[in-house]
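Listed after this line are the structures, all set down as structure tokens.
What follows is a pair of complexes built around subunit A, which joins subunit B in one and subunit C in the other.
Moving on, here comes the complex of A and B:
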């Protein structure tokens, strides 16, 4: 077990940002361009962030009322054993599906750009083995890992932004604020899901015992704000380099944007490979967080044993290899979004309401 | 303990297998240039791959004796490009690798027969091709150009690309169009220009540009090298070059002004349903060459006449290109629509579909202001 017992605010911010930024940063530009269809699409991210900030209040309220309890323990404390089990089951299914989705898209990207001829199950399997090794030692080590790689991720993003400036055509981003505002706001239904990850406040709660509501809110809003900032910058660059019409058609827009960076004879002549390594870490961190949730959930629902980690691995692997191609994967994403809303908005909201009605807290 | 050792060595067995499918760089057929053409006889596509032959690249030791060309062009015909690439392995022992592709040269004949969006599909779909590879167009046979021995570069395909790097020095050089830009313009439903290349007495020469029309995605016409200057002003890509003023335009002449920088501003106005555009071109120049003898640059007022003449020259060039676009081809290959979209978003949303009918009858005003900032290190004034 790790020696990490209590997270600082900074560590918490790092956990949130690392788990929020994942495959969303690669896939979101295309979905957003198709929905909003305007140069203003980056505005939708801000609306999405606002929506998420509101939802995050539910988590903070729960975390304050039940300090030290994870989501899985909370459910039975609030709803009773049977309903709690159902809630846990649903949340476990949600983590399983999201973990498999992240893994499959990551595998697709690795196969497309890096390991052309390696079979998918090797790519996906080895990715997961590393993650399992990290989870084996518990939440403390996961946080340490996030902390270790966070600067690398940030440097990679900043370098990508700086190198893209040469290709940036601001005329592609213009005109600003001319789109129908309701269409832009409706884009929030897509951007909302790229902020998935703030629910880990209720998962890493063993490490967040002594925190005040105000501090937690500031922490969450800072992480959401920083993530939104990164997203907005990336989207403006993506539009500036590729144009909105082109974004609609590119499978992995952000990677193509990195691919259009070229400095002849310079070390960065092919920058997208370096960027991919940096990005893979972010995908790895979000995947690890979800797999940890899955393992934790399984342990809470049944008699805890060590064997739930491999079980979680097998479940994820099976679900990852189930879709035939990326077309099916992207097709499922609509259903995944529905499940996500149920799992991370409706369930915690219900918990909070029932808890308020019954007036019980962990402290009493 | 033995279990741990066993486990570790078992893992190592998988991790340290390393390079079992290693490919030596010498054994990879690096392709620097690609030619796309249409074979009229067989009614098939033709693709030329320019392979590097590393052994024939002259080194410092052996540079004295003449060697044969360090490249090999393999030209094949087929129904699709992918098929041709794979059929290359019937002729070449080295599998082609396109990660270092420097230029793609297509013929107008190909774009007359096939749609541009269909032609470039493979090059934007396959991850081995880069979005930054520039595309060029030629009116002659592609193979002839790729077979020309370049003067300063080793490979014709690299020579083609290097020419376009002169765009800061000469206004008549078209700026590069990468395959990514091309894909962007196609998905935005815009007509556009592809930089042109011709063979001139055995030399590769940059010359004008070919027009691809949006709707048919076909080649429809050619912009001559003289008209490229106007295009560059409208595209707002002028960074250098010169303005030639002959004796008819200035009293003492001819005069050459070197362009130090230029900026084009677009102002739009919509009156009723009629859009109108004003192009404000501000050019900063210096006196580069003066064949007139009686000019006193130390006396105020010498600039005025030259600046006015230069204004007229630039205005004439820009208006000529606009006339070609509006009257001859009746399509907007100059990306004028972008400025309407930026400045008049409401109008653009309503009339986006009818742009092809609106553009030919649009009113353009061209306003040029040239300023001469410098005259050089010495000035002959013999008529005193």
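Moving on, here comes the complex of A and C:
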């Protein structure tokens, strides 16, 4: 296990951003274009971010009231053993589903763009094995790994943004604020799910013991803000390069945008590889965070053994390989969103309310 | 082994050994035995400093230990010590039931030369030799500080090896010091031939490819490491001095980086990092591009690559593997061969073999370019242990690329980074200034920022 005891604010921000940006950056433009159907769609991201910022207050309140306790320990401390077990079970199912979803979409993209003839189970299996190796090394190493790749990831995104400026057609982005504001706000129900990841405040809590509420709030809001900024920039560029009508049709608009970059006179004329590497890193970090949550939850619900990592792996793999194709996966996304809302908004909110009513904290 | 002294037994034992000289001097009241090994002893010193004074003092009552006030005279208490000091070149004086030892050592050593494995353009040219004492003296030449402290250890069960650790008091971390001491004391080994063996005996991650301890033959390198708060481990009989803890970053630092102006020095260091990256990745990226992702190569280039590969009967992965293995074989041959023949091998390898293989159509010329450029890149890695690690990894990368293309490569890079993130050298994270972030130490990482002038002294 690692010796990392206490995360700094910077490390926390990195953990949040690395887990939030994942498949959202690839899938969101299309969903958003279909719902909002206007060049203003990036405004929905800001509304989504605001909604998430509100939700994050629940987490901060819980983290401050029960310092050092993970979500899985909190539930039984607040709700008692039986209800706590149910809560934990639900949260474990949620992480399992999200992890499998991330893995499946990642596998689909890899198959689509890099390895079209390789069987899916090899693609997702190897991805998961690497992630399991990281999880096996412990939470401290997960954070360190995120930290190592964070600058690389950011540099790649910035390079991509700079390169695509040439292709940007501002007529696609203008005019702004023409759309019905309510439709734009309703887009927040899609963008909200691209900010999934802030619940890790309650997962990595062993490493966040001595933080004040104010600091935690600033940390969370900074990470949400930065993530929103990255999303907004990418969406504006995607709209600018491809146009809203095309966004609706393409399965992976962001990759297509990266593909459209041409830079003559350089060894590589194609830059989707840079984007794919940067994005694969973010997918890997989000997936690892969810799989870690899953393992942690399983260890908490049952007697902890080393076998939960392979068990989690088998569960995820089974769920990942269950759907026939990506279309079927997207078909489930509505249910996944419902479960997510229940797991990351309703459960913590219930916990906080009960905790406030009962008035007990970890200290008492 | 800590038996009590049995003088009779010692005398009997030494008498049988032909390499040990034993002299018996009859004093007034009792005999004194003088024992030494002539091969490792300065016999003139024995004559002048021991035998002569003893004869002059013959008539006094119990001349020992008063006779040798100028020489440090050690009184030995254990059987083990007797053998150890004798083998260290000391002369033993046995008077009745007490054994004394005087340092008269004179071992055969080579003179101080420039280390062969670590070349620099500027800076001191002296290198460590096989003598622990000389090495310590050499370090003292470069680092004249009263805070420079040494601690002595003797390890080995069959052959005694003197090990010495050096550090700067108040600069070094006490936990690190304790860790080093504990690990050295825990070593149980018959014989320690070299610092490299010592390194493997005291490191924790035995399954890691990466060196946990840095080894150097340059006193300047040791002294700058000590100033940074590291601990140096000297092993008797080995010119390589071990530095702990080690980070990946410190393995890329060279003395020349500091001896030249900072901007070119930084650029060169940056280039060295990139060269290391290329040496690992280039062949595997190449084979994954041409066997999986033709679409990612610019069209013109793809056509010319296809042309050069025309008629090559083996898949690109096998081609790369054969080339890499050939280069490794050449490298190994170059090291083992006597110096005058070495260049001949490289000429035969590079020109004849490469050229002929291309003409024969076994490998494509582009593959030769890629693999040899990667090999040249790997020569910029000065630390041989690191270079070995990276060369091993480059083979793993080849397999990853053959198995899953670019995706496999990315996963392999993830695996290596996960391992590096986990790795610690004496409780210091291996990727230290990068993760965890120590922004202040970044100015001596990928680049080498300008030196501080004045050292904070008030004019």
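Methods note: the second predicted complex is superposed on the first by the 363 of 364 C-alpha atoms of A that agree within 3 Å, B and C clash if a C-alpha of one lies under 4 Å from a C-alpha of the other, contacts with A are read in each partner's own complex, and residues count from 1 in each chain.
The rule we apply is simple: contacts are C-beta pairs under 8 Å (C-beta built on N, C-alpha and C of every residue); 3 or more make two chains touch, one makes a residue touch a chain.
Please read these numbers as outputs of a predicted model, since none were measured by experiment.
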| item | value |
| --- | --- |
| Which superposed partner A:112 touches (first subunit B, second subunit C, both, neither) | first |
| Partner chain in contact with A:245 - subunit B first, subunit C second, else both or neither | first |
| Contacts of A:273 with subunit B and subunit C, given as first, second, both or neither | second |
| Contacts of A:328 with subunit B and subunit C, given as first, second, both or neither | neither |
| Which of subunit B and subunit C A:256 touches, first, second, both or neither | first |
| Contacts of A:171 with subunit B and subunit C, given as first, second, both or neither | first |
| Greater residue coverage of subunit A in the superposed arrangement, subunit B or subunit C | C |
| Shared subunit A contacts, counted only where both subunit B and subunit C touch the same residue | 270 |
| Touching residues (chain side subunit A, partner subunit C) in the complex | 2-4, 10-11, 110, 114-115, 118, 122-123, 126-127, 130, 133-134, 137, 141, 144-145, 147-149, 267-270, 272-273, 276-277, 280, 284 |
| Subunit A-facing residues of subunit B, complex | 99, 127, 130-132, 178, 180, 183-184, 187-189, 338, 341-343, 345-346 |
| Parts of subunit C lying in touch with subunit A, wherever the complex brings them together | 292-293, 295-296, 298, 301, 404-408, 410-411, 414-415, 417-418, 421-422, 424, 427, 429, 431, 434-437 |
| Subunit A - residues contacting subunit B, complex | 112-113, 171, 174-175, 178, 242-243, 245-246, 248-249, 256, 259-260, 262, 270 |
